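Comments concern the structure below.
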Amino acid sequence: MSDETAVDTVDEADVVAETDEVREATLASLTDEVGDGIVESHIRPNDDIWVRVSRDAWVDTGMALKSMGFGYFSFLSAIDWMPSPFGRDMDSQVDLTLNPPEDEDDDVVMETGVAGGDTRFQVFARVNDIVNNRAITLKADLPDDDLSIATWIPVYSGANWHEREAAEMFGIDFVGHPNLRNLYLPGAFEGNPMRKDFALLSRRIKPWPGIVDVEPMPGEDEEGEDA
Amino acid sequence: MIAALVAQAANPLTSSEFDIPENIAFAIIAGLMLFSAIKMVTTGNVMHAALYLVIVLAGVSALFILLGSDFVGATQIMVYIGAIIVLFLFGIMLTRAQMGDDDSVESERRTMGAIVGLLLMVVMGYALVDGFRNEELVFGEPEQVRYVVTEVALGDLPTPVRDAFDRFDGLPDSTMVELSEAEVEGLPIEVARRVPGAELFGNNKEIADSIFSQYIVAFEAVSVLLLAALIGAVVVARKE
Amino acid sequence: MISILSVEIPYWGQTTFRVLGGLAAVLLPAGALVYIYLFKLMSFVQSRLGPMEAGPAGSLQLLAEVGKAFQKEDIFPRKADKLVFAAAPFVVLMSTFLLILVVPFGPDAWFVNLDTGIFFALAVSSVSVIGILMAGWASASKYSLLGGLRAAGQLIAYELPLVLAVMGVVIQAGTLNMQEIVYAQAEGEIFGISGIGNPFIITQFIGFAIFLIAMQAELTQPPFDMPVAESELVSGYMTEYSGIRFLLFFIGEFATAGVFSMIASVLFLGGWWVPGLDPDSNLFNILGPAVLFGKVMLVTFLIFWFRFTYPRFREDQLQKLAWKVLIPLSLVNIVATGILKVVF
Amino acid sequence: MTTQIPDLSEQEQLRYISQQAADARVNVEIETEGMTLNLGPQHPATHGTLRIIAKLDGEQVVAAEPVMGYMHRGYEKLAEVRTYPQVTTLVNRIDWVGSFANETPFILAAEKLMEVEAPPRAQYIRTILHEMSRIANVILGIGDMGVQVGAVTPIFFAFRDREYVLNQIEAVTGGRFHPNFDRIGGLKDDLPAGWIQNTKNAMEKVRDFCDQIEELMYGNEIFQARTRGIGIIPKDVGLAYGLSGVNIRGSGVDWDVRRDNMSPGLVYDQVDWKVWTHPDGDSYSRMWVRLQEVREGTKIVDQLLDQIPSGPIMAKVPRIIKVPAGEAYVETENPLGVMGYYVVSKGDLNPYRVKIRSASFNNVSITPWLLKGVYVPDIITILGSLYFILGDIDR
């Protein structure tokens, strides 16, 4: 998942080199603070920085970042890396002919995104340093048998609602959260809707029409009739 | 203008004509007051009790107005309904604004209360009767009565009446003037018509006169007392 | 109003006339206010047209609204205190009808010529508080309760500047009788210049301003409309009302605006009298109501202008305004008036 | 690890101090029986279906808790089963008052993953439309604030002048509310003839609106009395809660994504404009900054209109869009604050995961802290000055 570093144009290279320094320095100072809490990191030059930390270092990393000037809390959420067991089986036939699923093999391979990952669920958050215009995306793996992580509320008060949302949507327990009730869903709702194995009911009932009307590109008027 | 006044004066409400509606009104008001007063002490709902009290007090005010003392009537409305009852309701709403009957207002000493009330009524009734024992209840013959004297008849007035007009120099030509009964003796009704019910009590002028002359000390004493109560209330409320 | 008829009318006939006259004197200005100001002027201020469909330029909209209210279901909240809930709008409206009693419409056109007219008016105007508190409590709704409490607090607070503002006029006129206040203005003179009389708005301008502000608060109109603040308390004490009872509150609001403006016109603008004309002229018995109505429209224009453009105070700011600004100012006004009265 | 302990305690100190400040606003001296007031979900003040459970002591709020979810539509889940172009239709409905601005960050994120860039003309038009939807939204927010404080007229002015902007958006996109006009790699269509001049006229009217509303509302003593010193958000509290846009600039933080963190695909760096801040952090300062932003917005639009280059409006992108695997986060300065999309792609037709970072969600999350100790009427003005759209909270 690290092929984004491929730079196509030449003139961008010097810009890349320059901004890289900033981000490398950020990463370096974070490493100083957190030490071996950092599992993996990834820098997309001139764009963004991802750091994966261990679950135990989650709060420490947050505090370290805050002391480094990343005082702005942007968001916190989670991601389920397990491919949906339903795949695209409810897509319309047109879509499936146009874009046949690439790997037909039945064993579900779990691939994780930038900065890697080992487990199914990953918590990720983003904080900004608004003075120096830096931002960093943090990730932390959650072991499959213990979906819990320490709350970030003592670090960033704004994490409160984000954690509640992640808790109800993914079933993650934020240890130390004062009020981990459902934010959006009714109190008695069963299931965690954002998990990949939570079926989207409307899709199960009625197949999606799919790409029925691909609009012509501007300039190539009305040529796409054959679709 | 003159014609109108003549018409007004020429069609006075004779006593018999006036008394019927007055008495009917009194009966209605008194009945309503009695009913409300009884309901007020028997209802189990504090809010209703306060609202029944409003009816009683409004009835008192209506009776005052019926007797022609509209100043006292208006004061009754302003002080009791506009201020005190509003305060009651305010307090009730702030503290125990619950719907329906409140069992805690049921008191076991109701009979005691009734006895005390009856005794009080007897005492007050006796005081009233005793106080007016030697008074002859004569309507319309106090010392000074209000009369409407019309302009057209001014020239025909006997001297004492003209003197009375001189006394009220500066008043419009035709207005209500206060004359003693003797001064209008024998005047034709077109000239001077008694304003019904406008006896010399309960009007602002007389009340002001008596408060600021005869009862000035009492009035000031009460004012100081009220001021002290006000300051005390502020001190109590602002516990430090 | 009755006495100008030279025929003999029995007492019950007079009473009927008075009741009908009272209804007309309250409801006609209220309707005019709602259509001209609330529907049309407000729309003009807000760059829209307002009602246009019912009748020419929407002139029958008012009837349509009343008809609509009559058709609606008269809903009682389940936990409401039914009797009090039902009676509350009538109490509010009753206060308005009691107010109209003492307003003179011409030299001989009045309902009751009370000696203590203005005092009576101020007294009965406080009755509407009871109705509002009843509505707020009996609705069994928190919005209503809060609205009722706010209304009571506000109405009590502004009763004072209202009364004190009137005191200046009373001192200057030397009477509480509304009719005689008109005469005092018609026959008065300003610092020796006679002929055009002395509308008290000139000498009692501070009083007039205080009276208008306090009146605005008594009417719970913006910027003093926290009791019905729609963005916080939905509709305050009127929240649970619907249909005909809501209409009664609505009528009460605008009828009271009209009647209060009548009182303001009588006190400060000379009532039914027009400067330069003889107040004793029989003409005013016919013209008087129209003149008064014109003055009412002037006063209400001010009220509604504020209503359309001003945001609303907070409850504590409103109380501060009453106790710290208006009341001291009106006391100063009274003292100044008293001194000037003695001096001149 | 030892070096950060002083810093850490400082942070905690700050948090403690702000918490104390919030507690101190509650008058605990007079104890009366509390009352729980339920504002909403259907309430005139919440312009939508936000519900606020407020525990009152008299008219003072002891604790307030917003309850959302009455309008939760699950766009993050729905986006996972739609193709990339179809997602714009969904996200249009997030902040429905400034719809076009919702599309921009998502499209930019997809473009970033695909490593395509829209042609310059498309970038200019995109920026213009983005800014115009900002204007259309913020105008309404200003008028709405008038309603919250009880003035009925400003909202009508706002609706009237917003219409001019919406007409222009409609003239390009064909949709007043939900343009759905942004495409990966460019725009759906070019500008219609005469649009530039008409838009300039519309901007002129918006500037007139700003002057009018400044006189009618901002200059009013009562408005100032209702908003000054009310709902103060200190800088660091605002940052910790992730407030963005006007709400953080009203607290004196000079941070605007348009200027500081500009994404490729928008051309805010080509024009001359100013980021306004206000040091007070109260309701009034937020509304004041909002008004200045509308003025700046009209300036931006005017300048961009003068500079629009000619050329194509669509880059070469395949007919059926498959986005290469990767992750990208793009945020833009939307009317309500910073809106960002964290898009995870696995090289498929559909995004694998879309995290929508909507501005109002963060902005409203401060309310439990902010509403503590205020009076009931101030709840309304504070909420009005935070200016949120329910769709932007619930998504």
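Every chain is named by a letter (A, B, C and D) in the order it is written, and numbering of its residues begins at 1.
The rule is short, and it goes like this: a contact is a pair of C-beta atoms (placed from the backbone, for glycine too) under 8 Å apart; a residue touches a chain by one contact, two chains touch by 3 or more.
Just so it is clear, the structure is predicted and the values come from calculations on it, not from any experiment.
Participant: Identify the chain pair joined by the greatest number of C-beta pairs in contact.
Facilitator: A-D
Participant: If you average the CA coordinates per chain, which chain's centre is most distant from that of chain A?
Facilitator: Checked the centroid distances; the maximum from chain A is B.
Participant: Could you give the separation in Å between the centres of chain C and chain D, each centre being the mean of its C-alpha atoms?
Facilitator: Once rounded, the distance between the two centres reads 45 Å.
Participant: Please tell me the distance, in whole Å, between the geometric centres of chain B and chain C computed from their C-alpha atoms.
Facilitator: Each chain reduced to its C-alpha mean, chain B and chain C end up 25 Å apart.
Participant: Using mean CA coordinates as chain centres, what's the gap between chain B and chain D in Å?
Facilitator: Roughly 65 Å, centre to centre.
Participant: Sort the chain contact graph into one of these: line, ring, star, complete or other.
Facilitator: Shape = line; chains linked end to end, path left open.
Participant: Which two-chain combinations qualify as touching?
Facilitator: All touching pairs, sorted by chain label, are A-D, B-C, C-D.
Participant: Using the touch rule from the top, collect the residues of chain D that touch chain A in their complex.
Facilitator: Those residues of chain D that touch chain A are 1, 3-4, 7-8, 11-12, 15, 68-69, 72, 74, 76-78, 80-83, 112, 115, 186-190, 236-237, 239-243, 253, 255, 260-261, 312-314, 317, 319-320, 322, 325-329, 331, 338, 340, 342, 344, 346-347, 349-350, 353, 355, 357, 361-362, 365-366, 369, 394.
Participant: Quick one: which bits of chain A touch chain D in the complex? Just the residue numbers, please.
Facilitator: Per the touch definition, chain A meets chain D at residues 1, 3-4, 8, 33, 35, 47-48, 50, 60, 63-64, 66-67, 71-75, 77, 79-80, 84, 88, 90, 95, 98-99, 102, 111, 113-114, 124, 126, 128, 130, 133, 135, 137, 154-158, 160-162, 169, 182-186, 193-194, 198, 200, 203, 208, 211, 214-215, 217-219, 224, 227.
Participant: How about chain B: which of its residues touch chain C in the complex?
Facilitator: So the residues of chain B touching chain C come out as 1, 3-4, 7-8, 11, 13, 17-18, 20-21, 45, 47-48, 51, 54, 70-71, 73-75, 77-78, 81-83, 85-86, 89-90, 92-94, 97, 99-100, 172, 203-204.
Participant: Under the touch definition given earlier, write down the residues of chain C that touch chain B in their complex.
Facilitator: Spelled out, the residues of chain C in touch with chain B are 3-6, 8, 10-12, 15, 79-81, 84, 107-108, 114-116, 119-120, 122-124, 126-127, 129-130, 133-134, 136-138, 140, 145, 148-149, 152-153, 156, 159, 176, 183, 280-282, 285.
Participant: Can you tell me which positions in chain C touch chain D when the two form their complex?
Facilitator: The contact residues of chain C facing chain D are 42, 45-48, 142, 146, 222-223, 225-226, 229-234, 308-317.
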